[in-house]
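What follows is a set of structures to go through.
Look for subunit A in each of the two complexes below; its partner is subunit B in the first and subunit C in the second.
Here is the complex of A and B:
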């Protein structure tokens, strides 16, 4: 009996993940996290379908209050990964395909601000994706 | 204090620290506290100990007492009933101690938010070192967060995380379904 166990173990080989040293394939039904493509987002035109669909209020639409005349009272869409439950309802609700799920699992962060990404939509040129990248150091862009 | 140390002492301290790090390899003992979780995060944490993820190969262990622990792993939306037990657990731990918030609830209150019974994240009670988002976070996300807390995130050899860019929405969530 022990010999058969040994044979089966040798035949199976090593099953443990190589994760920190190597890459890991996620299963096909892993949804990952929602990612915002600010260039396609219609929040500048008054769309708030994803905010309406979001259950834990991870997505929020606010207006910027700043002294810069270019961005003041501009709509700002904020996605807070620390509140997000990765359900995918915002992706299903988005009419412009601006939100999509990314199969990314290295999400941990040392500050809660790093988990918040936001896009400011200035009035004349729609989405400004440069603002979006600067606000989260390119981490979740 | 650091200014009064002479160069030789500082060199010796650096060497000692490097030797300790080489010998112990940033090993870690974790005490887990459930502060009002739905048990999904616990199921993922438990999976870290199975032969597939096998977190003990990284020198990370779970202990049963906060006195032996270096890290406090907190799950749940911080119910009022668990505030005092959580504080007592934290105070029972020896310094230096790390606090890691696991899951959307512990990070920010998640789907519960702030209410009469929940305080909305453990950041309101304890100083959090690492936030691990997700509902629940996968075991690989947990491993990444634990290594980040230890300053071992550079142990990841691969820089190009293969990102699958597809809108993998469940069929029942697809528009028009």
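Here is the complex of A and C:
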């Protein structure tokens, strides 16, 4: 019997992958993290549909308090990946197609701040944001 | 269909004036209202004369709209494909009832939960101690009462622990857990040994209490499945299915035929990866490394298929009230077909090899015997019950989704040992493949979601599903604002952990324990929502 198992094991060969050295391909519509496209987002015009749809309060809409007259009291949409449960309800709720689920599932980080991305909406400059990828550039490259 | 006239006459004979009402409220549901004093007689009569199987006991705080507390017992009438609810209104100032543990041993933990979380006293209970809440939870704060809000910050009080009497001379207490090697969840066993032999065991579970039932109160409809999925990740689909079916029953909405068939397919995929993972873990416990790897490979294949179908390896986000959140296209269905063919071929070989491996069988046969009478008394469910002669399966006895339209067998064994529990899961794996093949062949077209906008206020509904670990039951009551006023979940593991303790003393040695524990395959988080 041991021989049968041995034969079976040898025939199977090596199936383990080289992850994390090699990339793991995810299916096309795999729900990794949600990504925010600030240019399309209507939070600057008072929309908070995604915030309403978010059960764990990973999305929040606040106003900036800073000394810079350009940004102070501007609406700010913050997405906190440490609270996100990747359910995708915000994507379904977004009327402007500004949120998408992307395949990126590697969200480990050394600081909780790295897991928070936000977009600020000012009257003059429009939306300005930092995405997760930009913030953590090259970490897994 | 239940014979309501005969039930009424038997109830009158059993409890006379204490019977307040008995009526059929839907084709498969009967409601009985009795005075609390008549509960023991009613329970005994239902069990002896109607073969009613106890499945749940919970309490409801009806204030302020109604006066006081209500106790509900739920029974399954498998032959009639019906559910039977026994309601008893309790006194508002001193809510109590006579403990049912003597006539219904399985009620033990359920009564402790009602006592601890609702403040209703089961008088005469043999061991009235806290069960699910933290040891320092204050004794006068009852989280299941309606006025309690989940956001409340509760100040911890004096911790109260239940201590076993010290072991007599010659007996050694062997503590195991709550933190152990590997990725086992938190749970503490105190194994009492006389030499090598296990003579007793005490369980300390419930390190994962999250108050899910309370959290669901007042939530939007679309958020409810998110809550149910998180009761136990490995039974996420079954739990969200049970919840969504309860919501659909409450609203009087039927999921479209295609959604019913796809739900059946996905529920069986969940069973597949669980049962494959179970065999892998059992092989690990018996030291069969190659077999473990082989089963883990198959499990991983199913998980990858899941992520392709649902965008999530554990099928989160698929069930929504009214159907499914997404349809499966022909390409996805073809990938299911391909994997089923591979699994069928591999499972035939692996089952044959596994059952012929003497080292594996030696560890399993005669280990951790759960006697059929104990399984019956403690109402064991799922593969564990079926390995001890309890011939019940919700898919067959209370068909839901598309289970009435597919053909499958329910394997039942009477031995009750670890081998029987392993064998049942091997057989069920083959049955799952058979069911999936039928679903793929008969899949209707059309939409996968019916609109379900709101729930009728005041409506109560029951939903159920046979999860890979056994039946999970979700009961809900809709409040005046159309959100849940009370949500009750009875998981399969909660029912089975009580029976687990009975399989340990008397005939096992200490080194059998990992194998027995694995052969039950119980979930810690799943028992403790």
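The rule is short, and it goes like this: the second predicted complex is superposed on the first by the 120 of 141 C-alpha atoms of A that agree within 3 Å, B and C clash if a C-alpha of one lies under 4 Å from a C-alpha of the other, contacts with A are read in each partner's own complex, and residues count from 1 in each chain.
Here is the rule we go by: contacts are C-beta pairs under 8 Å (C-beta built on N, C-alpha and C of every residue); 3 or more make two chains touch, one makes a residue touch a chain.
Computed from a prediction, not measured in an experiment: that's the story for all the values here.
When subunit B and subunit C are set side by side, the one touching more residues of subunit A is B.
In the superposition on chain A, A:30 makes contact with both subunit B and subunit C. When the two structures are aligned on the shared chain, A:1 is found in touch with subunit C, with no touch to subunit B. In the overlay built on the shared chain, the residue A:106 is in contact with subunit B alone; subunit C does not reach it.
Contacts of A:12 after superposition on the shared chain: subunit C is touched, whereas subunit B is not.
Touch criterion met: A:115 reaches subunit B, while subunit C stays clear of it. When the shared chain is aligned, subunit B and subunit C each come close enough to touch A:55. Of the two partner chains, subunit B is the only one touched by A:81; subunit C is not. The contact surfaces that subunit B and subunit C form on subunit A in the two complexes overlap at residues 15, 26, 29-31, 55, 85-89, 101. The residues of subunit B lying in touch with subunit A in their complex are 51-54, 57-58, 104, 107-111, 113, 121, 123, 128-135, 137-138, 140-141, 143-145, 147-149, 152, 155-158, 160-170, 173-175.
Listing the residues of subunit C that touch subunit A in their complex gives 219, 222-223, 226-227, 288, 290-291, 293-294, 297, 307-308, 311-312, 316-317, 349, 353, 356-358.
Residue ranges of subunit A in contact with subunit B, taken from their complex: 15-17, 19-26, 28-32, 55-57, 80-89, 91-93, 97, 100-112, 115. Contact residues on subunit A toward subunit C in their complex (touch as defined above): 1, 4-6, 8-9, 12, 15, 26-27, 29-31, 53, 55, 85-89, 101.
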